[in-house]
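The chains carry the letters A, B, C and D, assigned in the order they are written, with residues numbered from 1 in each.
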Amino acid sequence: MMITNEAAISLAGVFPPIPTPFDEEGHVAHGPLTDNVQRWNEHDFAGYVVLGSNGEMVYLTDQERVEVWETVREGTPADKLMIAGTGCESTRQTIQLSSQAAAVGADAVLVLTPHYYRGQMTGEALAHHYWSVADALEIPVLLYNMPRFTGVDMDAPSVTRIAQHPNVVGIKDSGGNVGKLAQIVDSAGADLQVLAGSASFFLPALTVGALGGVMALANVAPQETIDLYDLFQAGRLEEAARLQRRLIAVNTAVTAQFGVPGLKAALDILDYYGGPVRSPLQPLGELEIQTLKAILVEGEVL
Amino acid sequence: MMITNEAAISLAGVFPPIPTPFDEEGHVAHGPLTDNVQRWNEHDFAGYVVLGSNGEMVYLTDQERVEVWETVREGTPADKLMIAGTGCESTRQTIQLSSQAAAVGADAVLVLTPHYYRGQMTGEALAHHYWSVADALEIPVLLYNMPRFTGVDMDAPSVTRIAQHPNVVGIKDSGGNVGKLAQIVDSAGADLQVLAGSASFFLPALTVGALGGVMALANVAPQETIDLYDLFQAGRLEEAARLQRRLIAVNTAVTAQFGVPGLKAALDILDYYGGPVRSPLQPLGELEIQTLKAILVEGEVL
Amino acid sequence: MMITNEAAISLAGVFPPIPTPFDEEGHVAHGPLTDNVQRWNEHDFAGYVVLGSNGEMVYLTDQERVEVWETVREGTPADKLMIAGTGCESTRQTIQLSSQAAAVGADAVLVLTPHYYRGQMTGEALAHHYWSVADALEIPVLLYNMPRFTGVDMDAPSVTRIAQHPNVVGIKDSGGNVGKLAQIVDSAGADLQVLAGSASFFLPALTVGALGGVMALANVAPQETIDLYDLFQAGRLEEAARLQRRLIAVNTAVTAQFGVPGLKAALDILDYYGGPVRSPLQPLGELEIQTLKAILVEGEVL
Amino acid sequence: MMITNEAAISLAGVFPPIPTPFDEEGHVAHGPLTDNVQRWNEHDFAGYVVLGSNGEMVYLTDQERVEVWETVREGTPADKLMIAGTGCESTRQTIQLSSQAAAVGADAVLVLTPHYYRGQMTGEALAHHYWSVADALEIPVLLYNMPRFTGVDMDAPSVTRIAQHPNVVGIKDSGGNVGKLAQIVDSAGADLQVLAGSASFFLPALTVGALGGVMALANVAPQETIDLYDLFQAGRLEEAARLQRRLIAVNTAVTAQFGVPGLKAALDILDYYGGPVRSPLQPLGELEIQTLKAILVEGEVL
């Protein structure tokens, strides 16, 4: 394996973890997917995460996954990264799916912690998993820590240890423990690029050394999230803080409060294609849609 | 749909949720699987659960899953049930996989609660999921509640409501809340056959109205679990209680304490085929194997 | 210390953990307390637990606590036990308060796990705590495990170890893990008398070797809980199971669902003295009271 | 009530939540307490929190509490605030204890969320509690949210609502959810001064609008925590971030990792008076002390 961290891609900036559009029959809607990507291309994103939690990854077949990556790859300019979410429960399926992602042009893979047997997912087991995946691939690997969905929360020493592998280059951490992010930045240093996994703590994460963020909010408020990043880079901290605070409620609405159905409903409201979710997820009710609209207006996104 | 609860299969008795054997290359080992089933056939089990949590279901491809069911079906006498674990995250994949299970001869399917987006898995969403699956199948559906792995814990009112569908005939509940089981028996009545999902509370569950159990322990202590069931049926409660208490530590060893690696190691010790687990699960260390042996001896299973 | 487990009191039977009545000014209402006890005395209880969780123990001053014990002691016949809840956060205050309980005639003390610094409440720390209390007292000590309120859940090995002290004679476990109760009965044997801490799993607990129960439900359904105990003792298991199932919903209403305010409202409905709770607890609203009444009627308690 | 938020005290800056020293017999050691305060007085703290979680508040009698406040008040210069931790489970005891704190010169009280009956601690119940306390006092009230110890985690809307009372002027939030802090700053505005409750997220909290912090680390690394605050005020964000990262491991050692025993051991190492903890807390073992020393050295605090 000749890849070294030094040669690795830069993850600095904002990445929307894009949703997967379905048509009314429940099939992947590739046309609307392309249209959405075209609109997002107008913003200065560092790239896209395709098939993270917001992409309903767990509801797609392997074939659908590959096709979604192909469509997005085609629509993504060369100066933006396409990061493919490829984490499966088994190491062998994660490797196989990651290889398919690489074959269709993914620049990196984002690998969710396996978690079904969470009692057995020790630091040892996770290191074995990630190192096996990183060994097998020619493209770099990002760790994906998402305790709210998985019940597994990697701590700073485990992350730092896994990051010693030269082909592990980054982490998306959605847990919201900014102290832990600071500790990872401190101990992993140049071995690992840290990305905030939610807009709710984007500015705080940048402050302690994160280089960017992968956040649902970037789908519905692309320019605002980029502005927040730019204001921080420019040292305009007070303006950044005001924007950060303004966006919290909108971010909550399209994540913890209404979930992926809320994200898709917000996209519909904002004239992107949101469309239906796959069952067992249920669409928002009319009352919830009105609440969501009010939150978008209040947050100056609509 | 002509199936009614009255016509449904009886779930009374003991079911081992059998593990899936792999060879040293990590492929499904069908020969050893058949051998294990032959030995278990010597005991008076009500049937087998194939691809529950102990079957490493989440680590198999769909093709492997179907092949495992075919092998077990072939080895299972007609007077025993084969119940196939078929729960996927999406309703559509659960239906598709369940249909494949039915096609290769499963008598019923055991459907784990979808759980990745656990915040959205309301009673409403779960009812929609289970009713869609039950509508689509010609074989009966059992609910599978496993909060330790999923973070989702269906309450008694939700279960009772879902059980109103004539093709939902049973539940395996592994949560250990025996009060809840009693409440389900009380409110669902003849609509639902309740199975204890772990040997740790088998006798208590029988006492409040459960009809049987699906438990990892039955793989390694087949006669003891059947004896426990028979003692209860015969009204020999004190002997049953003694046996229940004696088996607790062994049960813990092959479930919460050492997980599926512990179950497989115990099978190896007991001259069944246990074999390797799939990564990211890790095999027991030598010290853990010695501890496990001591527990098996102490519990009079070895 | 001459006390040995062999000489210790018998805890077999049913104990209501009685609430503390307050008047409209919020003072302890000793008259109504005496009246309630007189009515409960008509039932064949093994005794009373005075100042457990249902007694709003955490809301009373030390002086009020002693006065409550005095009043109940006076009203309790000699053939019933008075067990005083005396668990404080510090070992020294627990010893002091327990000594006061002994001085006013308590037959035993029930000592809640200290829990504020739960991360530090290791088996070692808890053993030190309980052994210090047991060393200091001339009356026996019962452990009180209540994870729903404390966040601390003693496991079977810890309990068994603590029970080796000759003056630790029993445990009230409200956690609902009946498998753990079985394990404690198995490993602690004659060292420890196990009491179910809630009616939701009373019969299951008896089945695996518990000797009785301390349960909120006994306050509002005294005869039903005693009947359940007697039916089990008489080997009439099916009738016991039916009664157990019938009582679940009522039990939930006066515990997890409506809490102490629900217990007191149920007492008011049943012509005991319930009266107000202390703030920050809030009284039930009118709608909740109607729901509670319906549950009492449905459970044939009203 | 003439007090208004505008007239309220300023909470900007760093506050150590000081531990309570005990002598070898377990009595409060007032001499060492005074000595510690004298040394801390050399640093530019905004004041002291006396009897927070680090003060072993739950292990003291009311009389001991008042005496501790008297000693600290006497040792505290007039330009520093003394904030007394006074939260009890009942509203009435909280009011009484808070009044005693005011009588001996506390500038404000810090009131922990009541939590024993956590299922009943709704936003409604907490508002009733805090407003009753705030109504009864002539000195201002700070909310204290500490989910790791209490299991109660007030959300932003609840906090904002409670903050509408003119005598509720601040919150110490130890939960680490910086997104929530941002939301509180946004919605409560001038009604509430937000303090970070742990050094692990001090800089991130300042970034989104917190005005200061109450943190165990300030006891053992007083100048470093003040430097961090000053660097942020001076806009020297990169230096602040480096210092924040350097201090994380030390902070963890004296909080989540080793708790109050760790904090006291660190003080002993640093030539303050740490001394023994009260049981059931246990002192660190020799190995833990060596680990702690190594962490202090690594963090450049020793």
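Here is the rule we go by: a residue touches a chain if its C-beta (ideal position, glycine included) is under 8 Å from a C-beta of that chain, and two chains touch if they have at least 3 such contacts.
Since the model is a prediction, treat every value here as computed from it, not as a measurement.
At the far end from subunit D, in terms of centres built from Cα atoms, lies B.
Looking at which positions face the partner, subunit A and subunit B present mostly the same ones, since more than half of the interface numbers are shared.
Relative orientation of subunit A and subunit D, expressed as the C-alpha superposition rotation angle, is 180° to the nearest 5. Work out the mean CA point of subunit B and of subunit C, and you get 36 Å between them.
If you average the Cα atoms of subunit B and of subunit D, the two centres end up 49 Å apart. In subunit A, no residue touches at least two other chains. Interface residues of subunit D facing subunit C in the complex, by the touch rule stated above, are 26, 53, 58-59, 61, 89-93, 114, 116-122, 124-126, 128-129, 132, 148-149, 151, 256, 259-261, 278-282. Put simply, subunit C touches subunit B in their complex at residues 176-179, 182-183, 185-186, 198, 200-201, 203-205, 207-209, 235, 237, 241, 244-246, 248-249, 251-252.
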